[in-house]
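Look at the two complexes coming up: subunit A is in both, with subunit B in one and subunit C in the other.
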Partner chain A sequence: MVGGRLRRRSRDSGTASIAEALLWLGPALILIIGVVLYPAITLVATSFGRYSITGLRSGDAGVSNYVGFLTSPDLPRVVGNTGVWVVAVVVLTIATSLALAQFLSKSFFGRRFVRWAVIVPWAAALVISSQLFRLIYDYYHGILNQLLLALHVIRKPIDWLGDPHFTMISMVLVGVFVSIPFTAYLFVAGLNGIPADVYEAARIDGGRPWQIYRQITLPLLRPAILIGVVLNMIYVFNSFPIIWILNGSNPGFGNDTMITYMYKLAFRSAQHDVGLSAAAGVFNVIVILIAVAVYLRFVNWRESSDA
Partner chain B sequence: MKKSLRLGAVVASVAVPTLALASCSSTGGTTSGSTSGVSSIKVVIAEYSKDHTKTFWDAFARKYQKTTGVKLNLQIINWNDLDQQSSTMVQTGNVPDILNENAYASYAADGLLYNSDEVLPAETKADIIPAFVKSGTYKGKFYGMPDLSSARALFYNTDLFTKAGIAKPPTTWDEFTAAAKKVTALGNGAVGYAQPLGPEEAQAEFAIWLFNNGGDFKKNGKWTLNSAANVKTLEYMKGLSVTDKVTQNNPGSTNRTDGAFSLFEQGKAGMVVGFSPLQGALGTQYPGVKYAIAPMPSGNKAAPQTYGVTDYLMSFKKKGNESAVKAFYKLYYSPTEINTWIKAEGFLPVTTTGLKQFGSDPKLKVYLDTLPNIHLTPTDDPEWDKIKGTIAQNIGLAIAPNGDPKKFLDDLQAQAEAGK
Partner chain C sequence: MTITAIPRRTLRGWKSHRRWVMPLAGLAVIVFFVAPYVVMLLDALRPSGEVLATPPTFFPKTWTADAFVQVVSDPAFQNWLKTSLIVALSATAIVIVVAIPAAYFTARFRFRGRVLFLGLVVVTQMFAPTSLVVGIYREFYDLGLINTYTALILTDAAFNIAFALWILQGFFAAIPKDIEGAAALDGCGRVGTMFRIMLPLTLPGVVTAVTFTFIAAWNEYVVALTLIQDDALKPLTVGISSYVTAYQQNWAQLFAASLIAIVPVVILFALIEKHLVGGLTAGAIK
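Our next item is the complex of A and B:
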């Protein structure tokens, strides 16, 4: 419908020349070519090359980088970690943000202050937040252990980042912490977009609060939740600093996700191979595209976006 | 229409961060001039410290420019990013003229470097301590010009030793274990030995111990990674945390700088393997910690071995840059330059003149005496660059309670031999 109207108007006023069109599209095209297309082509080209440890290309590798990556013994563990990491962070973020958005959209004394407080983790660079949590989680000097010991919750300190039982949980909590601001504000905007008269009508019909939430708020918030899930999936999957820094002193690949594994393949491992790492990079793009597509199919995206 | 547009947006937002990580851009570059040489050179330096590296190299660049008329474009890069950045430079064909790194043999093997015959004045080469010339020599040619060196020794907290009733630093492994046990028994958070086997620099910690047990990484041109002495060493190192429980919590996940050193600086650790920059930090920032330095205890009753490290200033073959590179080395190795920097950073000299100049400093005596006979890692073998990475990344798993030192070293040996 929109397209039809546009077409008619452009026919009325005559067709723009190609040069004119390029003038308008130019900046965007340059950006897309420079930032998306060129790196993508370089990445794919690199993944088919044979590289020395110094980064010197010594010839074509065919598909051997892909074979090497897909048969690497660490891969199943890394893929499993990535799944746990993405699902746990996204689910916890969405759930917490829904509650928080509900709270932030009510008016109460000091709301402005609370809203600012929620936005702070977003304003801080991920690297800085991660370093901060590294200090908080520290076995010897960390405030978390000192607090729990003082409260007699635990009897001896917990190695939050070094003990394999706790590493992933500790990282997930930081992931949720830094993802909440964006998601919560997305939901606040969504809640503000729901007309007050719908609620009024529901109340007049005798709806209980929980009923109203489930049958009015959640369905009308659906577009915001969809966007929140998709964007968070992508951000969290691609999140590098949190895992890199919090897992930085652990040996091996036991807590790595695909993104940090890719980096280690290139610069921190026995392989030390840029080509292998590029193959991992291509694989990563495909995996997250499939994950997003599956999710969108699962929630019937088309139906809701056309509604 | 609408849908495909949105899908495009999703594709773009998925792809961009992933790709940005994998493909990096590099800046700068050198414009080759006429046959008479180049008008500028690009010099990439590792950041040894926030305080001194930039100060020295900025002044150096000015001096170089003044004496040669060639512009020196300086780029200082953090150690954490250096591998990635230098790899990108080579990948994109945008190599610097001079690169400061902790490995050179792979670059030499790829045919990217000048050797000393081409760019190093003969008298400069003669001044470099022979042990470092040897470690910088790949296939008979000297490519890895050393910029500075460091040697490791055993630091022990004398307050904790006195409290635990230990009269003198340990000279054998049995004495070492006993001393560590006594310090640990003091309680109150005391740690007998701070053992850094996390991925930062675990190969150094391993090297120090195995050199003092008659072990080595390579002997007579053959890899000896899983030799009996090495296996015994790693088992002993594992025992310190697993059976004797005299180390800090989880050594396999403890890095050197922010882990083991910081415990020693807090006065919590009885012993740690340290080097002169730690000495500097203790002197200026943690004057409350009373400590002394001793040679490493020996596992095989032989004389103590000193483990040393040197980094390199290598030069890349580029059209017309020989004379500019030669002038760079000439200026860098002049005693006022190199020794000023080494002193500021708290490291050790690599030249004979430097040895003499530093010899007057009593604090450095314990290291300087060992420097000519220093025991280095096989940096002259490109394969070592990968072996080193594997040790650093995975040794922590081998010394974990469920780890298997022998299997780890067998795998390492297999990796090294397969690389040939």
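Our next item is the complex of A and C:
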């Protein structure tokens, strides 16, 4: 009994056998392998198959799905849209959230209510917020045109979701609006992690507020910013409901990102081409993996994680 | 004494103004984030026809709660609500049961394959259900699980394990090892140590993980849109869209239903607001 306990103690100092690890990690592994990795493999397999319009496999397609996808005349437009969408939403979200987090970390009367209010767009399902903005943006019935007309910002109503000049901007603004809460909270957490005496010391050394922010706050906030950028890149790239719903009434692929384009290929286009859509899906996964890797490389992840 | 660098006059000016400038700025932030949802509420409180009036008015001309009554007594809505509850609660339960042991173990022990496992988790985080949706559809189609709660529960659970694990691991790693040593001396096994010692200490992390998972599952859209064709089995996010289609435009009902879906989540979030910040810190910023 005593021997057993002693042996256990020695193992508790840090190492464990694979068998024991499997016992603790097994359930998580089974789920991840079964419902995340397996579909990923299925996706790859599907991308090399030929499928009937009802989704039955009718033979091998070789790389023809990839050729078809990469030579599709819609692809450049869709890739461009995706770039604009991801970069605009992520950059605007990060910048706004930095300012908002700074504000939310100060103490003032009513701060608790402000924090609650910021939570609301986060708590609401994306699809619900998207439906809401579909109506707010509406050319005839939307309150936005009405408001801007009353404030004399615009002279005649704008077709926010139908006019090709405005569709992407309108969608980007909704994307930023719903991405701010999580990001701002992440940055508030980061700001709370900076010890107060660091600021104290900077002030004693005669730092001006902007200097202190640039030279103390931002560098110490760097891990939080990195995580905020990476997670937002992933979320925004994979974002579906906003574009699906706000762009829902426009024909063709003029405002689609790679994600909604892929979805339309499989489930909404006339062809219902599952193989082609799977090739697009594989392409999407590779693109996001590369984008994140390039970003982490660019910002020199290691150096900052040591900091 | 600490403020030598800032000119005295500016500082005094800011100090006296700060008392009302900050709350006013706060009010502006509140209006910015809540205004769209106030529009939603005001649209839910008027007859559906009036929502589509031209020009629109901010306040209803006729105030009515009919939309709420209609939605709540609509059997279709009740079914969607039931699906959302079953799916979100089950997925959350699975994630917690599965992620806690995994997070505890990887935070505390070195073993062969640990790096591989953590790498797998990070990659999962990058695979959103959206980009894999064709693969997910094929898998559940082959398994005969299209139009089942099981398919939704499994997907929501699997894709949220990564985030939960990540948060929980930060919490477990932050607990001093001596505490476990003491527990082991007192005759606590690994399982006992985890449940009796570690879990209470990581409660904020567990709360954060639970909330995130529940909300992710509650708000999930694209997988449900794809896997559930039977109207009675749809969750709220997919079901309520049928209030506004090309054929019928019941915006008031759509928004009443939306509010019913949003309010519990906002309350849940508000309740754990303090943990939310702490929870993200331990998991995310280390």
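Worth a mention:
By definition in this document, the second predicted complex is superposed on the first by the 284 of 307 C-alpha atoms of A that agree within 3 Å, B and C clash if a C-alpha of one lies under 4 Å from a C-alpha of the other, contacts with A are read in each partner's own complex, and residues count from 1 in each chain.
Simple rule for what comes next: a residue touches a chain if its C-beta (ideal position, glycine included) is under 8 Å from a C-beta of that chain, and two chains touch if they have at least 3 such contacts.
The model shown is predicted, which means the values in this text are computed figures rather than measured ones.
Ranked by how many residues of subunit A each touches, subunit B and subunit C are led by C.
When the two complexes are overlaid on their common chain A, residue A:Ile53 makes contact with subunit B while staying clear of subunit C. Of the two partner chains, subunit B is the only one touched by A:Ser269; subunit C is not. By the touch criterion defined above, A:Ile143 reaches subunit C but does not reach subunit B.
Look at A:Ser277: by the touch rule set out above, it reaches both subunit B and subunit C. In the superposed model, A:Ala224 lies in contact with subunit C only, and not with subunit B.
When the shared chain is aligned, no partner comes close enough to touch A:Gly80: not subunit B, not subunit C. In the superposed pair of complexes, A:Asn238 makes contact with subunit B and with subunit C alike. Contacts of A:Gly62 after superposition on the shared chain: neither subunit B nor subunit C is touched.
Common to the subunit B and subunit C contact sets on subunit A are residues 32, 35-36, 39-40, 42-43, 46, 55, 140, 234-235, 238, 240, 259, 262-263, 266-267, 274, 277-278, 281, 284-285, 288-289, 292.
Subunit A contributes residues 3, 32, 35-36, 39-40, 42-43, 46, 51-58, 139-140, 157, 159, 161-163, 230-231, 234-235, 238, 240, 248-252, 254, 259, 262-264, 266-272, 274, 277-278, 281, 284-285, 288-289, 292, 302, 305-306 to its touches with subunit B in the complex. Put simply, subunit B touches subunit A in their complex at residues 1-3, 6, 10-23, 83-84, 86-91, 106-107, 109-110, 112, 189, 197-200, 202, 248-250, 252-255, 258-259, 263, 268, 382, 385-387, 389-390, 392-397, 415. Interface residues of subunit C facing subunit A in the complex, by the touch rule stated above, are 2-6, 18-19, 22-23, 25-27, 29-30, 33-34, 36-37, 39-40, 43, 51-56, 58, 94, 97-99, 101-102, 104-106, 108-114, 117, 120-121, 124-128, 130-139, 141, 154-155, 157-159, 161-162, 165, 180-181, 184-185, 187, 189-190, 215, 218-219, 221-222, 226, 236-238, 240-241, 244, 251, 254-255, 258, 261-262, 265-266, 268-270, 273, 276-278, 280-281, 284-286. Interface of subunit A with subunit C (complex): residues 5, 8-9, 12, 14-18, 20-21, 24-25, 27-29, 31-32, 34-44, 46, 55, 100, 103, 106, 108-129, 131-133, 135-136, 140-143, 146, 177, 181, 185-186, 188-190, 192-193, 200, 203-204, 206-209, 223-224, 227, 234-235, 238-241, 259, 262-263, 266-267, 274, 277-278, 281, 284-285, 288-289, 292.
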